[in-house]
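What follows is a set of structures for review.
Next come two complexes, and both contain chain A; in the first it sits with chain B, in the second with chain C.
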Partner chain A sequence: MSSKRSISNDLTGWLMASPLALVLALFLVLPIAMIVVVSFWGATEFSIYPAFKLDNYQFLFGSAVTYSVFLKTFMFTLISWALCLAIGFTVAYFLAFHIRTQTWQIVLFLVCTVPFLTSNIIRMISWVPFLGRNGIANQTLISMGIIDEPLEWLLFSDFAVVLAFVHLYTLFMVVPIFNTMMRIDKSLLEAARDAGATGFQTLTNVILPLTKPGIMIGSIFVVTLVMGDFITVRFMSGSQSANVGRLISNDVALLRYPSAAATSVVLLITVLIVIGIMLRFVNIRKEL
Partner chain B sequence: MSEQRGRSFYVLAAFFALFILFLYGPTITIAILSFQGPKGGLTFPMNGVSLHWFYDLFEQQAVGDIWGSFRRSLGLGLMVMVTTVVVSVMGGLAFRKRFLGSGVLFYMVITSLIIPSILISLGVGLIFNQLDLDVHWTTSGFGSQLTWTLPFGLLIMFAVFNRFDKTYEEAARDLGATSWQTIRHVVLPIIAPSLIGVALFGFTLSYDEFARTLLTAGSYNTLPLEIFGMTTNVTSPVLYALGTLTTVFSLVVIAVFILSAWVLNRRRASSGNDSGNGLV
Partner chain C sequence: MMDKSAAELISITKSYGQSIAVDDITLRIPGTSYTCLLGPSGCGKSSTLRMIAGHETVTRGDILLGGKNITDLPPAGRGTAMMFQNYALFPHLSVADNVAFSLKMKGVEKSARHVEAMKLLELVDMVGFAARLPAQLSGGQQQRVALARALITNPSILLLDEPLSALDPFLRLRMRSELKRLQRELGISFIHVTHSQDEALSLADQVIVMNKGRIEQVGSAQDVFNKPQTQFVAQFMGGHNVMRDGQSYLAIRADKVQISKTSSKDGAGLSAVVREIEYLGTTFSVGLDEADATQASSPISVTISDALFSQEPLEIGQTVFLNWKPGDTHRLAS
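Coming up: the complex of A and B.
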């Protein structure tokens, strides 16, 4: 990507990229534009009509619910991100530096990757027999004598939501971190050891800084997935908790499209600001 | 790293094992519970062992249109897979050189990846609504899913081309190949194993997609939509049986893709060409 631009490059480039550009124009750019437009429209009980009014935004920013829901969304994001990072980094570190043969690295890496390619809905449902009132967790704790009554907050709670996020999305942290770790020159680690660094010092002073790009990419994935989610919160909280995505999907269910659109615009801007801040730390295209 | 395993290895290995248990444990649990006896419930203990709930799946009345939705998901997955491979390869080739607007297009790809899925659903739904078109899984659903699979396909292609040895192309050009011949007979064969990876992502991401299809699939549900519908009104292990079957289906698909990539790589290794190594 270092070569200079030329007219023939432009031409072949556009020719090759046109299907991609077409799909994104039709199903990404246009829908975003439509949402922005509709966010100024009005709604009756049965239909929506073109207008230019700020009612939807006024209502959104005037409602206390909005702020608490955004706060909740940030809370889910922050906690899930921290857990995904801690677990994902440890797993990637183990795979990259403690597994000695490439074959085993690939095998264990695939073992981590496979669940990502199966259904998220099923993976959420599969927590029910574990966390439910009569589930494995409660039965185990009771038989061990740790608790007398089944814990009610295991399933259909904020705890369950965060657990599901970590379960679903840690992989997005493992893959990019593992990828950057594999590119660290092993002789750097030897040099650190020869210079007298302990294992922990090597980790914090050599590996961690060199892994930063992978951490950033993984973080972008996790943060955007959690911020934009609505289904995990709905299912795992048993509809008791709300995030911004649910605010939107509730409006959609009530056919209040302009209101849903206004919330969407605010959510999109929020996500973009967060990502914009994160992107200042890393050049994605170089790191793949 | 050839010395004795330190204590940290065993601690980390235990952590890794727990992580794997965390990843697979719940799925294995519902797989076991789907063999509940006819009077069994959603949690342990097992009330006998039977195939009752699997039989139930084959009775139309019991659970709605799951076989229809399975066929639709399969068809849609294949459509999305083929399109993702073709468009990603073309896009990947295009992005190797800078062209007017390549920066903008790149940011569009990233936006497509990070945008909350429900916005795609809502936006596409609104457009079809205002144009008085019916949303349908083959049109609006198909396009919406592509906004999810294409970024992954492209990121894989970026990774592939970042590791691509350009001397092969130069050699082809020096031997007089046209640029189309170079792509057809040199570049494509070299990147073929990674195309299997793109195809795998294209199919499985589509097959399991939920949020972007929610408002764009129309009156005929895809399988994940059907399953989610069931979670609100089905409270028997038939849900687990369905979950187990579709997970097994996904695993078979994944195994087939990985095996074919492996065979392709091996055949290549045995013919004395090491290109494409290091790619999943």
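Coming up: the complex of A and C.
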């Protein structure tokens, strides 16, 4: 009797887990497995053929371009992450602790999400007329007499790339941080004040440590998005800057799939290592 | 010199927009005393406490502590410390770090502040838990830590916001006597906000009964219980029956009413019908309705010892006669 029940329990468990397992297997595990397999294949100018060669990896690790592009990717990631964190934390802090009523919190939070009603690419391109040589930014600065001639580095530059990244991904930082902050018991802030903490001391001794999991989740979002991006870098740098994503997309454009696959595998491993390191610092499990 | 732990509230008012939470309260809290602010929820007792603590601004009026006006000082500059209702321990800090928090804010060096924290943990008997996180403690233990954290600032007045309400009944009794012991040992004043009559009666040197933002009565525990001045106090303290007597109201303690099954010879006594009988361990609580009830009359409750009850058991629905000595009644201000 009891063994019968446990068998049916087992079966129910497996059945309940299977839809998600199936989806993940089909759309996550299988494609990645394919990429890993193809990364060992060979390619001619016009075809690719199954093989098991390390040529793609040898070429990748033998080329100085790879290292400089990875370095650039890390640079974009680091700068964008730092800015997203600074802005995201400030916005979340303002929403969570300075807006008194929940209604206004929700309203202002929704305002933050309004840019997401349009696509990434449109939001990116809308910077062009603003930052261009004869764009609004330059014209305004010239008419105010701050500069004499247009700033060349505003558009199609690393500055523009980072600007777009920050614009696109700050919300991914705001949401989890805001979420964690809302769970901080307000009486903790009073208790800190009661113990003589200044506003800044409360921030560093109470709010910041308690917000760490949210910061980490937001950081994972931003880091993975920026490291995997290629379109932002292409548009905003005017094809003058490259990151790993562009390396892959160039390979794909030239139909060098095995090489693109090898680069993808290396990028994937790199991102996983970065996240692994980040998770070492903060336990995000209680947030999930 | 004035006692450092004596406080005075002078015409304190707190309003939130149109609504008035605390309405023109004037109050003296003697030094080295245990004061309970007692009242139903929403009566303004917590707002009063939070104004003394400095976590709520005072709309009008002044607060003096040890003869010094502290109305506009920050919480930490007043000589008060607050223990929060849910204890508000920092979840990411160990017990020792929680207790030492205020010293850290002052910039006291780590080893020195831990020595100090251990002294306070010893006072509340929590030394063995110094390295734990608050989540690893029971409710009673958390409360001891919160107490130690508040006391490390050397306050002249400790403010306690419903400190016992989150504990189970058994623990509540134990912490109650411990709070009283601490107050005596430390020689400072405690102001304790509660909605529990038992708590106030057992702890307080001075009970302040509040209702609707005003003070209903101030006095010793016995005074407030035995000589309620208003109908509200009589009803809120419990154990009293409030009866109409012409234009005014009389209060009589439930244990001063005698129940007899026959009317007395002179025909005096109020006839009433037994509505419910509750066994409370050492006593029985009998609920009755007046036999010829008018709209104005309220249910009557009588407490009798279990010995007396078993001599003459009552039944629900039975008609009985109630008597009391005139000296036991107490006229209420209308």
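Quick note on the criterion: the second predicted complex is superposed on the first by the 265 of 288 C-alpha atoms of A that agree within 3 Å, B and C clash if a C-alpha of one lies under 4 Å from a C-alpha of the other, contacts with A are read in each partner's own complex, and residues count from 1 in each chain.
Just so we're on the same page, a contact is a pair of C-beta atoms (placed from the backbone, for glycine too) under 8 Å apart; a residue touches a chain by one contact, two chains touch by 3 or more.
Keep in mind that what you see is a predicted model, and the values were worked out from it rather than measured.
Engineer: Evaluate whether chain B and chain C can sit on chain A together after superposition, giving fit or clash.
Structural biologist: In the arrangement built by aligning on chain A, the partners chain C and chain B fit side by side.
Engineer: Could you tell me if A:G196 is touching chain B, chain C, both of them or neither one (first, second, both, neither)?
Structural biologist: Once the two structures are laid over each other on A, A:G196 reaches chain C alone.
Engineer: Which angle, to the nearest 10 degrees, do you get at the Cα centre of chain A between the Cα centres of chain B and chain C?
Structural biologist: 80
Engineer: Contacts for A:P209 in the overlay, against chain B (first) and chain C (second): which applies, first, second, both or neither?
Structural biologist: Second partner only.
Engineer: May I ask you to name which of chain B and chain C touches more residues of chain A?
Structural biologist: B
Engineer: May I ask you to decide whether A:E152 touches chain B, chain C, both, or neither, giving the answer as first, second, both or neither?
Structural biologist: In the superposed model, A:E152 contacts neither chain B nor chain C.
Engineer: Which partner does A:F94 contact after superposing on A: first (chain B), second (chain C), both, neither?
Structural biologist: A:F94 sits against chain B, while chain C stays out of touch.
Engineer: Between chain B and chain C, whom does A:I106 touch in the aligned arrangement: first, second, both, or neither?
Structural biologist: Touch partner of A:I106: chain B, not chain C.
Engineer: Rounded to the nearest angstrom, what is the minimum C-alpha distance from chain B to chain C in the superposition?
Structural biologist: Between chain B and chain C, the minimum C-alpha distance equals 6 Å.
Engineer: Find the residues of chain A that appear in the contact set with chain B and again in the contact set with chain C.
Structural biologist: none
Engineer: Considering the complex alone, what residue numbers of chain A touch chain C?
Structural biologist: So the residues of chain A touching chain C come out as 185, 187-188, 190-198, 201, 205-206, 209-210.
Engineer: Which of the residues in chain B come into contact with chain A in the complex?
Structural biologist: Counting only chain B, the residues touching chain A are 1-2, 6, 8-9, 12-13, 15-16, 19-20, 22-27, 29-30, 33, 42-44, 86-88, 90-91, 93-102, 105-106, 108-120, 122-124, 126-127, 130, 143-144, 146-147, 150, 154-155, 158-159, 162, 200-201, 204-205, 207-208, 210-211, 214-215, 224, 227-228, 231, 239-240, 243, 246-247, 250-251, 254, 258, 280.
Engineer: In the complex formed with chain B, which residues of chain A make contact?
Structural biologist: For chain A paired with chain B, touching residues are 1, 3-5, 9-17, 19-21, 23-24, 26-32, 34-35, 38, 87, 90-91, 93-95, 97-98, 100, 106, 108-112, 114-115, 117-123, 125-130, 132, 134-136, 139, 167, 170, 186, 199, 220, 224, 227-231, 235, 245, 248-249, 252, 257, 260-261, 264, 267-268, 271, 275, 284-285, 288.
Engineer: Given the complex with chain A, which residues does chain C contribute to the contact?
Structural biologist: Against chain A, the touching part of chain C is residues 53, 55, 74-77, 81-82, 84-86, 88-92, 101-102, 104-106, 149-150, 153.
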